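Both complexes below contain subunit A, partnered by subunit B and then by subunit C.
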Partner chain A sequence: MQSYWTLLSWGPEGWLDDIAHGVFITVSLALCTLPFGMALGFLIALAKQSQEPLLRTAGNIYTTIFRGMPELLTLFLIFFGVQLGLQALVQYFIPGATVNVNSFLAGMVALGFVFSSYASEVFLSAFRAIPRGQYEGGYSIGLPYGKTMRLVILPQLIRIALPGLSNLWLILLKDTALVSAIGLNDILRQAYTASRVTKQSFLFFGVACLIYLILAIISSYGIGRIEKLVGKQEGAR
Partner chain B sequence: MSAANTATIDRPPPIPKPWDAPRIAGAVAIGVWIIAGIGLVAYLIGDWNPDLFYRWAPQYMRGLGVTLSLTIISVSIGALLSVPVAYARMTSNRFLSAIAYGYVYFFRGTPLIAQAFLIYYGAGSFRLQLDSVGLWWFFRDEWYCAIFAFSLNTAAYQAEILRGAIESVGKGQWEGAAALGLSKLRTMQKVIAPQALIVALRPYGNEIILMIKGSAIVALITVLDLMGVTRLAFSRSFDFQTYIWAGIIYLTIVEILRRTIDWIETRITRHLIR
Partner chain C sequence: MRILNKIALGAAVAVLAIGAAQAQDKTIKIGTEGAYPPFNNLTSDGKLVGFDIDIANALCEEMKAKCEFVTSDWDGIIPALQAGKFDAIIASMSITDERKEKVDFSGKYYNTPSVIAVPKDSTVTEVSKEALAGKTIGVATSTTHYNYAEKTFTDSTIKGYPSSQEFQLDLANGRLDAAEDDIVVMSTWLDTADGACCKLLGQPEPQPVEIFGPGAGIAVRKGDPLAGEFTAAIKAIRANGKYKEINDKYFKFDVYGAE
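The block that comes next holds the complex of A and B.
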């Protein structure tokens, strides 16, 4: 039996390089999902706080669907659904052709949908925390809607929504582990492969858990820095 | 002017609602949802396969039972475990609170799926030791492992909910009860708990919903819950309907639960509405 240090070394003998690649995949997936999910979540929050009942209903349907289904199921629905749908479409034109959906992209879209449905609630409660007078003040000095939004509301909104969003970021980081089920070589899947080959399951899954913990600690540190930065702006005003 | 005259005067016509940008956007968005809904129903009816349905429907029901019992059992065990953890977290004993903090941090900071893998596959690394203490039968079984992992996980979350709720009750409540000569236990039972539970209800409800959704991952450690049955049915038939059925079932359960919690909340906070 090899020693633990050989197993965890860098190179052909050890698995550290594979796990490092998994960390890269996990982090890049989370980082790619974040802006997509935030933008979508913001748009849905805008829809849900609008005066127009049709728009509100549409936004609420979206949230209900993506908050009510398990993340794993959403992932499978999008991965297999898009694959089968595209397959049918392509075979309509070119019989016999096969389509493979990129699992990174599918994971990004699925996690982005889930993230945005939660983010929209965070943004919505932040919108509600901003008094009407802020909009009225913006209009009264002649700012159009877009500029009022960008210069008056958004800076306050971000400050209020930040704790909720940082929570969602930590959840997103953990949810990326699910993409291992659709064959993306993230931390968990690399740990799974390593444990299959070496029969040292506890070691490798323990390492995987530790890496997730470290990522969470780094994130908390980064979030703390951002909060301080945003707080400073508030003080300077 | 008499009253009869005023009655005949027409009211001004209602101002027509303009087709402004939000209204158009709303109509388009609702239209997309309606088309998607009709498309889904059309797909389910068009591809309706009675053989597939009658073959898998009982299995789906059994899977649903597994999902629900897994959630109920682990949330109950977690609720029991969370009390000592929350207590340890709040004591002034540094050693005890550090252990509880570490426990909570680990289980909240790592993915549930990684915890389940660590316990289910990782137990195999200690087979000899577990065999010698006679616990191998427990860790060999994926169902027990799932309950074990889920209970530990939800205990960490519930401990934080409990702690947050108890700390949300003002210090004056403790002092007032102490002034009346109530013991610590009685204070907890009669004064603090009723107020804390109102605060804790929503997070508890969310935790149960998260557990139902999270329980889907046990399919990856070969438990045949609703998700597991769905994966099995899909791999046998390659019919995408199987996933849609599961989605509808999950959505229905979560929505029922969410509405029930809303109802309970409005019911038990009636005395707070002025």
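The block that comes next holds the complex of A and C.
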């Protein structure tokens, strides 16, 4: 029986390097999803409060679907379903060709869809918290819509939306564990493989637990910093 | 429109890896789990090893194909095969009727037999209904081994346990006269310190397919001719000694089971 320290060492004997690679996958997936999900969520929030009823309906349907479906199902639909669809489409033109949807990309898109549907609600409530007078103030000094948005509304919006968004970030960070089901070697899958091979389930799942906890602590620290930064801007103005 | 076209093209290139490799240099993508030692598992330095992997490589060599391994989570392994992530599953997958509805199987490439173990000082010398009469045999319930023991050793007391661990303990501390389990599980345990109490007595014969199932096979998509090619390749490596070479590297017994 190898000792715990050998099992957790860095290098060919131990599993630490494999788990570290899993941390890299998890963190990079979450970081790649965040801007994509945020941007999409913002656009959907805009659509939901637009004057155009068609856009509003589209936005509402989108949130209903992606908030209502289990995340794992969304992931499977994109990873397997989209692959089957694309395959059929491509083979219609080039018989015998194979298509492969990259699992990282599928994970990113699926988690991004889910993230954006929740984020749109956060943005929407933030939009509603900003009084109409702020827009009117922007227009009255001659700012066009885009500039009013960027200089007047967005800075306040971010401050109001931040607590909600930071919640979503932590949820996203943990939801990445789902991608182990489509063969991405994230923290959870690496821990699972290590535990099956070495028969030390408690040790490796314990380590995985700790890593998620550490990531959450780092995140709260980072969010705290951003909150302070946004607060300072407010004070300086 | 031009910009839209460019975006669409860029996205297509990013998402898809379109390969039209066929005919001459055939590449077979093989899906495996990578967490089931000693059959297929990733090592701590990231290599895929095990009986399944060696067999897969031998089969590919026999079929003159290039093999690429893809690891997949067990729960998603059949959907991934159907979606074309890989062309075959070589991951110790038992051939069952339920799975046959979704995929096609090659012939079995192994079927580990059921065995009986007894304490080292046991007076029982052979595996038969008569020799085990009046003895207590421990088996894990809702397994093929249990079904078999109940039908076969009708003069013995069959004691059911929730899993192998429990009857292993009882066999070690003398509450059982014998125990029946899969040979891989049993011999792995016998090699540990806890299993030092006991020894392998032998395999009950015959082991009917109706009870034990046909064994582990190679799964391919429905209607894929690869199934037949794999079956032929398994026969070929059985015949040319390659199978035995791999078998002996991992096990002290023939895992193929009855011909």
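Simple rule for what comes next: the second predicted complex is superposed on the first by the 237 of 237 C-alpha atoms of A that agree within 3 Å, B and C clash if a C-alpha of one lies under 4 Å from a C-alpha of the other, contacts with A are read in each partner's own complex, and residues count from 1 in each chain.
Here is the rule we go by: a contact is a pair of C-beta atoms (placed from the backbone, for glycine too) under 8 Å apart; a residue touches a chain by one contact, two chains touch by 3 or more.
Bear in mind the structure is a predicted one, so any value in this text is a computation, not a measurement.
Peer 1: Under the stated touch criterion, which partner chain does A:15 make contact with: subunit B (first), subunit C (second), both, or neither?
Peer 2: In the superposition, A:15 contacts subunit C only.
Peer 1: Between subunit B (first) and subunit C (second), which, if any, makes contact with A:80: first, second, both or neither?
Peer 2: Touch status of A:80: both partners.
Peer 1: A:58 contacts which: subunit B (first), subunit C (second), both, neither?
Peer 2: In the superposition, A:58 contacts subunit B only.
Peer 1: After the superposition on A, what does A:131 contact: first (subunit B), second (subunit C), both or neither?
Peer 2: Neither partner.
Peer 1: Between subunit B (first) and subunit C (second), which does A:193 come into contact with in this model arrangement: first, second, both, or neither?
Peer 2: In the superposed model, A:193 contacts subunit C only, not subunit B.
Peer 1: Please indicate which partner A:231 is in contact with in the superposed arrangement: first for subunit B, second for subunit C, both, or neither.
Peer 2: neither
Peer 1: Between subunit B and subunit C, whom does A:183 touch in the aligned arrangement: first, second, both, or neither?
Peer 2: In the superposed model, A:183 contacts subunit C only, not subunit B.
Peer 1: Using the superposition described at the top, determine whether subunit B or subunit C touches more residues of subunit A.
Peer 2: B
Peer 1: Could you say whether A:222 touches subunit B, subunit C, both of them, or neither, answering first, second, both or neither?
Peer 2: neither
Peer 1: State which residues of subunit A lie in both footprints, the one left by subunit B and the one left by subunit C.
Peer 2: 76, 80, 84, 180-181, 192
Peer 1: For the complex, give me every residue of subunit A touching subunit B.
Peer 2: 47, 50-59, 61, 64-65, 67-73, 76-77, 80-81, 84, 170, 174-175, 177-178, 180-181, 188, 191-192, 195, 199-203, 205-206, 208-209, 212-213, 216-217
Peer 1: Which of the residues in subunit C come into contact with subunit A in the complex?
Peer 2: Contact set of subunit C toward subunit A: 14-20, 22, 34-37, 41-46, 70-73, 75-76, 79-80, 82-85.
Peer 1: Quick one: in the complex, what on subunit B touches subunit A?
Peer 2: 22-23, 25-27, 29-30, 32-33, 105-106, 109-115, 117-118, 121-126, 212-217, 219-220, 227, 230-231, 234, 240, 243-244, 246-247, 250-251, 254-255, 258
Peer 1: Using the touch rule from the top, collect the residues of subunit A that touch subunit C in their complex.
Peer 2: Per the stated touch rule, the residues are 7, 11-15, 18, 76, 79-80, 83-84, 86-87, 90, 94, 96-102, 105, 180-183, 185, 189, 192-194, 196-197.
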